[in-house]
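Both complexes below contain chain A, partnered by chain B and then by chain C.
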Partner chain A sequence: MTAGVRHNVSFETNNIVLIALVAILYSLFKMATVWRSQCAFARLFAGKTGQILNNATDLGTKLGPGSQSAILAKKYSNYAHSPFVTKIKEQYDYEIVKNPPEWGYVQRLLPFDTIPAVTPKDSYPSGWVPPKEEAKTLPFFLCRTRNHEIPIYLQITYRGIRKITKIKRIEGDIWLLNDEIKSYLKEKNNRYVETRVQEVGRFIEVKGDYVNQLVDWAHSKGF
Partner chain B sequence: MGSRQITEKSLSMLRSLPRISLGNIRDNPNCKKNPKRGRAQHGGDKHGAGNKGSGQRQNFMRLGYETGNNPFYLRVPQEHYYRGQHLRREYPPLSLHQLQNMIDKDRLDVNQPIDIASIVRSGIYNFFPDLKQFGVNLTDEGADIFVAKVNIEVQWASEQVIAAIEKNGGVITTAYYDPHSLLLLKNPKKFFESGQAIPRRMIPPPDAIEFYTSAKTRGYLADPEEISKERLKLSQKYGYSLPNIEKESNYEMLCEKKDPRQIFYGLEPGWVVNLKDECILKPKDQELLQFYNS
Partner chain C sequence: MTSALISAIRRLHIAVTPQIRVYSSNVAATTSAGSNSLSITKKEWAFQPQYTKPREVWIENLDTIEEQKLGLFELHPSVYAAPPRLDIINQNVVWQRKIRFVSWAHTKTRAEVRGGGKKPWPQKGTGRARHGSIRSPLWRGGGIAHGPRSGKSHFFMLPFHVRIHGLTTTLSSKLAQDDLHIVKDLELPTDEPEFLAELVEKRNWGPSVLIVDDTDYAPRNITAATDSLAHINIMPVYGLNVYSMLKHDTLVLTLSAAEKIEERLLHWLHADTRAQSREYKVNQV
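Presenting the complex of A and B:
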C-alpha cells in the first residue's frame, strides 16, 4: 500500500515535470514560429514593419521570453495604443567610436545648409555665365534664381500652338526694360514683337519663342 | 415667454441633442402618409425605365456585348504595348551638360568621387526609387563640352558617355543599387537619424547581371584588368589618347571604389551613424560581422 502510494506520488511529480517541460518547449516553439512568420527584425517593431527596410537587420537587441508573444498575440488597430515592448536585453557587442576618422564620409552625405555661392573660375564650359557687377547700375534688374540661372522661361500652351517667353523676377523700371527688349528683338528678327507687362506679378511676357535671344541679351547686360 | 427666450432655449436644446443623421431622422409628428401608390399620369408611371425590354426589367447586357455581332473588343487584334512594364527598371536621365553645369556651379565636388548620393545632394537631380527608378542614366548630350576629370559612379551609361569621361582622364563605373539602398542614398540624413544600421547592398537581378559584370559597360562587378583593356580599346575606337591616370596627383581619389556590398563611400554595412553625438557605432560581435561581410 505504502509502496503504491509512493509510486503514485513519484508518478505525479514526474508528470508535473513532464508537463512543465512540454510547456517550455511549446512556448519556445511558438516563439520561433512567431519569429519565422514575422520578419526577423519585426520583434521590436511589431505592427510597424512598414518603416523597416527589408534588407536591414535589427540584430542589436533581443527580447526576453514572454515579452513579444503578448504583443504579437493581439492586433492593435492603432499603433499609438499598443503597449511598449519590455524586457529588452542587449545581446550584441559593439564599440562606440568618438571622433571617428570616417566622419568626413558622413559629412559629405549631409545636405547643403544653403545653396553654395559659385566661386569665380577662369571658364565655365557648360555655358553658364556669372552675373556682373555693372548690371547693378542699370535702372532695371533681372534677379537670378536660387539655382543661379536666368529666370527666362518658355510657356507652351494649346498643344504647341501658343508659345510665350516669360521673363520673371524683374525689378526697377520695368517699362524701360520692356522697351529695350522690344527694340532688341525687333532689331534681331526684323519684325514687331508683342509683349505684355505685368506690373504686379513683376513679369513680362513676349509672344513667341525668344528664350535664347533674351538669355543672350541678359548675359550681355550682365544680369 | 418672448421669442428671444424661445430661440435661446431651442439653441441650447440643439447644443445638447445629437446631430441629425440618417440614423435618427424621422417624420414630423402627425404627418400624413399616403398608404397607396398613385397610378395616375406621373405617380403611376414607368419610373423612367421605359416600356418593355432590358430597360424596364433592369437586366442589362454584359459590357461590350453587341447582341450577337462579333464584338468590337474581340474584332481588333491585341497589341501588348505595356507587357512587362511593371517589371522594367527606369533610369531617369542626366546629361553630361547638366553634370558639367553642376560642377561649374559648385554643386558637385570634383575632388571627391561622385555617386548618386552626391548628385541628388546637389538639389538639381531627383529620382523616385518607389516608382521603379533605379538611378542615373548618364546621357551623351553635351559630351563635346564636357571637360571635368571625375570619378563618377552611375547606374547606366552609353559607350559615348564612357568615352567622353575617360578622354578627360576620368573614371566611370556603372553600379547597381537595390531600391532600398537607393532610398538611403537619396536621403542619407533621414536614414542616419532613424538610428538603423547601414544595410548591405543587394546583388543585381538576373537580367541586369550581364550589364554590371561586363567590362565594356564598366560594370562594378567586372574584372579590373578587363576594364583597363577595354579603356584602351575604346580610346582607339574613338581616336583619343588615353591619359595615364596613375601619374595624376589625385590618383587615389580616381581609384576610390565601393565594395559591391557597400552603399556609402567609406561607411561599412552594419555601422550605425549617430549624427547628434557625432560618433559611429561599430559591431564587434562575430555573428554580426559575419552577417555583414557575407
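Presenting the complex of A and C:
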C-alpha cells in the first residue's frame, strides 16, 4: 500500500514536471514568435545582429500603442506569412550631422577609390624614379602603369629556357623606339639582339633577359 | 566720311566669325544659343592624358534633319583612342554570345533507346558478329555514344580587363571610323519615325543606329519615334556593350553619356582591380 502510494506520488510529481516543461517550452515558443514580429521590421534596416545598437535585442525600437495587437501571441503557419510590425517609434534620440570633424578619421580608413598619384619628393627610399616631363617631347612614349611602374616585364617560358623581355604600353613611333633599343642593347652587350614589334598591340618583345638594362634606358629617357 | 565707310561695310553683310567660348567642363555647361556660337570644351580629367592628344569631336544636334555643329568636345585618349585590338573585340563578342547560350541538343544513349534488352543472337555458333543489344551504338537505330546532352551551359567569364578593354577598343574603333557621333541631347521636334529615319538617311549614319543616353528614361518623342523603327535603338549607358556597338552601324552618344562612359572606364583603368580580377565564382554576389 505504502509502496503504491509512493509510486502514485512519484508519478504525480513526474507529471507536474512534464507539464511545467511543456509550459516553459510553449512560452519560449510564444516569446520567439513575439520577438520575431517585434524585430522583423527593425532587422530590415539593421541587417546583421552585429550592428545591434547598445546590444539591445529590440534593435533600439519600441512598439507604439497602435501596434500592440501584434504582441498578442498568434501562431502563423509560416515565417514568411507573418505580418511585419508597423508603427515603430525610435527609442533613442539622435541627430544626423553632415561632414562632422571626426569624419576625417573615418575617411582615412576607407579604401582608395583609385590608385592615388605619387607625392613628389626629392628621393624615394625604394629606388623608384619619377617620370620626367621632358619625355613627352620625344617621338615615342612609354606610359607608366596604374601603379606608376615602368611597363617592362620578363616572360620566362619553356621551364626557364626562353626568356623574353616585353615592353608594353608604347605610344607614338614604335618602330623608332625599336631601333633605339636595338642599337642601345647592341652597344651595351656587343651582340645583336632580336626584337619583335607588335604595332597594334603596342608592345615590343626582346629576346633575352634585358629587363634591367631596358629599365635603365627608360629612366635615362625620362619615362 | 568715316561713318559713311562704316555704314558701307555694314551693308556688305560680312559674315562675322563665330564667337568661340572656351570653358572648362567643371563649369556648368552652357548651351550655345545661336547657330553662330560654338562651344569648345577643354576638359580637366582626373587622369590627364600623358602623351596621346585628346580626341576632338563635334557636338551635333538631333532637332533638325540637317546637321548643325554646336561645339567641339574632347574625349580622353585612353578610352576613345585605344589601339584597335580586333582580338579583344572578338573575345568580347564570343563571350557575349556564349554567356547566355544553352545548348538544348539532345541524343539518346543506348540505355534510353527503346528495346535492346535481349541478346539478338547467341554469342557463338551463328557465324555472325557478337552483339549484346540491338541498340548498341554500332547498330543502325542504336543509341548515340558521346552525343550532345541537353541543358549544356556555355557560361564562362571573360577576365575583367579584357571586358574593359573590349569597350575602349570598340569605342575607339567606332570613333576612328567616323561611326561615333556625339549629340547634345535627344530632343526631337516630332514623334514621327519618318523624321528620325530621314535624319539618319540624310546624315549617312547607316541603316542601324544605336543611341545611348546617360539616363534610363528618354524624352517621349525619341522613344515614340524609335518604337516602330527596329534598326534604331536606344540604350542607357549601363547597357553599353561590345556586341550591340558592333551590331549597329553608328553609335550616337549624348554628351553626358560620353562623359559618363569616359569617367567609369577611366576609373577602372586606374583603380585597384584585384577584387574584380579574381576568379569568378558562381555563388559570388
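The working rule: the second predicted complex is superposed on the first by the 120 of 223 C-alpha atoms of A that agree within 3 Å, B and C clash if a C-alpha of one lies under 4 Å from a C-alpha of the other, contacts with A are read in each partner's own complex, and residues count from 1 in each chain.
Following the convention adopted for this analysis, a residue touches a chain if its C-beta (ideal position, glycine included) is under 8 Å from a C-beta of that chain, and two chains touch if they have at least 3 such contacts.
What you see is a predicted model; the values in this text were computed from it and never measured.
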Which superposed partner A:Thr119 touches (first chain B, second chain C, both, neither): first
Touching partner for A:Phe141 - first (chain B), second (chain C), both, neither: second
First (chain B), second (chain C), both or neither touched by A:Trp103: first
Residue contacts on chain A - larger count, chain B or chain C: B
First, second, both or neither for A:Val200, with chain B first and chain C second: second
Which of chain B and chain C A:Ile161 touches, first, second, both or neither: neither
Partner chain(s) touched by A:Ala80 [first = chain B, second = chain C, both, neither]: neither
Residues of chain A contacting chain B in one complex and chain C in the other: 111-112, 115
Partner chain A, residues of chain B touching it in the complex: 97, 100-101, 103-107, 112, 117-118, 121, 123-124, 142, 145-148, 178, 180-181, 183-184, 188-189, 192, 194, 196-197, 199-200, 202, 264-267, 272-273, 275, 277-285, 287-288, 291
Residues on chain A engaged by chain B in the complex (per definition of touch): 51-60, 92-100, 102-106, 108-112, 115-119, 121, 124-128, 147-148
Contact set on chain A toward chain C in their complex: 111-115, 136, 141, 143-144, 146, 171-172, 200-202
Contacting residues of chain C [partner chain A, same complex]: 46-47, 50-52, 83-86, 267, 269-272
